[in-house]
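Every chain is named by a letter (A, B, C, D, E and F) in the order it is written, and numbering of its residues begins at 1.
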Amino acid sequence: MTDLQQFREFRERMNERILAQENLDIRRFFALDSRVYENGALPTRTKELLGLVASLVLRCDDCITYHITRCAEEGVGDDEMFECFSVGLVVGGSIVIPHLRRAVDTLDRLRAGQ
Amino acid sequence: MTDLQQFREFRERMNERILAQENLDIRRFFALDSRVYENGALPTRTKELLGLVASLVLRCDDCITYHITRCAEEGVGDDEMFECFSVGLVVGGSIVIPHLRRAVDTLDRLRAGQ
Amino acid sequence: MTDLQQFREFRERMNERILAQENLDIRRFFALDSRVYENGALPTRTKELLGLVASLVLRCDDCITYHITRCAEEGVGDDEMFECFSVGLVVGGSIVIPHLRRAVDTLDRLRAGQ
Amino acid sequence: MTDLQQFREFRERMNERILAQENLDIRRFFALDSRVYENGALPTRTKELLGLVASLVLRCDDCITYHITRCAEEGVGDDEMFECFSVGLVVGGSIVIPHLRRAVDTLDRLRAGQ
Amino acid sequence: MTDLQQFREFRERMNERILAQENLDIRRFFALDSRVYENGALPTRTKELLGLVASLVLRCDDCITYHITRCAEEGVGDDEMFECFSVGLVVGGSIVIPHLRRAVDTLDRLRAGQ
Amino acid sequence: MTDLQQFREFRERMNERILAQENLDIRRFFALDSRVYENGALPTRTKELLGLVASLVLRCDDCITYHITRCAEEGVGDDEMFECFSVGLVVGGSIVIPHLRRAVDTLDRLRAGQ
């Protein structure tokens, strides 16, 4: 089992666990977190790039993995992905680099069909 | 050996190692870090919830694990724990979610007796 | 006109302006941001202290001002307020100090009746 | 003189002052900071939206003001701007709200011709 | 009265106010915050540069102003100061630039005798 | 194979992979990230300490590991290293402690010849 599969399974299992809890505010936040990337004045594709760069500068590996996966599903190419990385790198600085390494590794494994 | 045990053992071993070093400022900081959660105008129980929400919004898994453990020892129930999570989630945003997943997993394993 | 009044007026005016925009996600987030501090398993008083310490460690002056005001309305005393500050200071470090100075100034002016 | 004018004049004056210093690394960083938003696989318009959302979640008012101005120059409409804000708000949480208030105020004044 | 004077007066007045409060943990933290920059294995001069770069990457204007003042008192020259800035800029990214502008303005006014 | 070796191999492999991509901005950033620690008005030794404290307060384990390794190569002793840690701890707060534990573990294993 690959790391990407582990990530997806843990993510799915814990989302179900969290939403099973009777906490309405958390449920509403999760619903909002899905809605905000839907097509609107900006297309989903652009919004997923926004989510990716925001995850990069805030340095959250899981969020980066999620948005790379979604960007790939939306047809974002490698050149576009790396330009999104470059904006995140310049805004966020060298502290972003370890996350960039893992992001590119994730992207390569995703393209390799995992 | 569970992850929670590994966390506790590494934490205890490295705390001893760090305090064995002749650095008075670090020792004083560690002492202060214990004192600040003691009963005062606010009870320890409330202060541990403060420590938990601060750890959530700053997104430190080890700190979250520590304060969940301490909150559980202080008798904080699941409903209260999740409301603390919901405040941290709304203040800190979706970037907190991967830490929330691990926090709930930690809480469940703690309740299961690890 | 005092700074606290300026803060309140700008806050109220811009909240109205933002909610007047036809953006459902932002409206929902604002609604959730109110709901999360309501009485539940944890009382509003405790939740406002959670909001205060989260604002301190994330170093947002406006958020600190808002939650100090709300804590004061909930009857939080100065000793309790300072213990909340001390947790935020130890968790967040000396980088919090400039915000602590402004927080105490805000608290003093609030107690003086502004 | 408006705040936006003050911002622009201070920004321009200090950029000149900084680049006049004989520090090659800072000069190179400033050059890179311009280059990264140029047209490439992603158009400048999208990159400026990336810069805006990154500035929002990192909560830097000056950066937000700069990228709102650039987005407006690139023809980004209010609906698009607010959807970019909504992504930043959901990713970054309620701690972003004070910066969102100032961002919308800046946008309104920019649209009003300042 | 200059901004630097205002900063110093507010800083001194609020430090006195905070230390007058009967909160032992906050007093201890303030004492530790002074001690940690004292001569040791590393000289105060180096430690103040450490404090400056930490303040830059955490983007706290007041902390930057304080450590620039202290570095200047320790005889740190402009070339050294700018190299410290360049490390902070590369580590922290373009989000540091607005703080760098204010830092250089502070340094120039400090050198001009304010 | 030790963790330090794994870190070095992944770091080297991914740096090569990233620089092989045709993205000039990322390449320039990586070049700048090397240059900024070179001898200048401040010696490399001091600059690596600056990089270390910046990595500590921004809480990036990989960056901490890298700069500890570089500091050790520059002849920084344990007492100096711990004083750098103490500045990072006081500036960044108790949220830094989990990273400090891993930093000291890394330092000990590095001194042990890994």
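Descriptive notes on the structure:
One rule holds for everything that comes next: a residue touches a chain if its C-beta (ideal position, glycine included) is under 8 Å from a C-beta of that chain, and two chains touch if they have at least 3 such contacts.
Since we're looking at a predicted model, the values are computed, not measured.
Counting hops only between chains that touch, chain D reaches chain E in a minimum of 1. Any chain bridging chain A and chain F, meaning touching each of them, is among B, C, D, E; the list is complete. Taking each chain's centre as the mean of its C-alpha atoms, the one that lies farthest from the centre of chain B is D.
By count of C-beta pairs in contact, B-F exceeds the other of the chain pairs B-F and A-C. Interface repeat of D-E: among B-C, A-F or B-D, over half of the contact pairs recur, by residue number, only in A-F. Remark: chain C and chain F have CA centroids separated by 36 Å (rounded to whole angstrom). Measuring from the averaged C-alpha position of chain C to that of chain D gives a distance of 26 Å.
Computed centre separation for the pair chain B/chain E is 30 angstrom, with centres defined by C-alpha atoms. In chain E, the residues that touch at least two other chains are 25, 29, 32-33, 36, 54-55, 57-58, 63, 79, 82-83, 86, 89-92, 94-95. Viewed as a network of touching protein chains, the structure reduces to a complete graph with every chain in contact with every other. Across the interface of their complex, chain D is touched by residues 59, 78-79, 82-83, 85-86, 89-90, 94-95, 97-98, 100-102, 104-105, 108 of chain E. If you check the complex, the residues on chain F that touch chain C are 57, 89-96. In the complex of the two chains, the chain C residues touching chain D come out as 10-11, 14-15, 17-18, 21-23, 25-26, 29-30, 33, 54-55, 58, 60-63. Here chain C touches chain A in the complex through residues 24-25, 28-29, 32, 35-36, going by the rule given at the top. Chain E makes touch with chain F in their complex at residues 32-33, 36-37, 40-42, 46-47, 49-51, 53-58, 63, 77, 79-80, 82-84, 86-88, 90-92.
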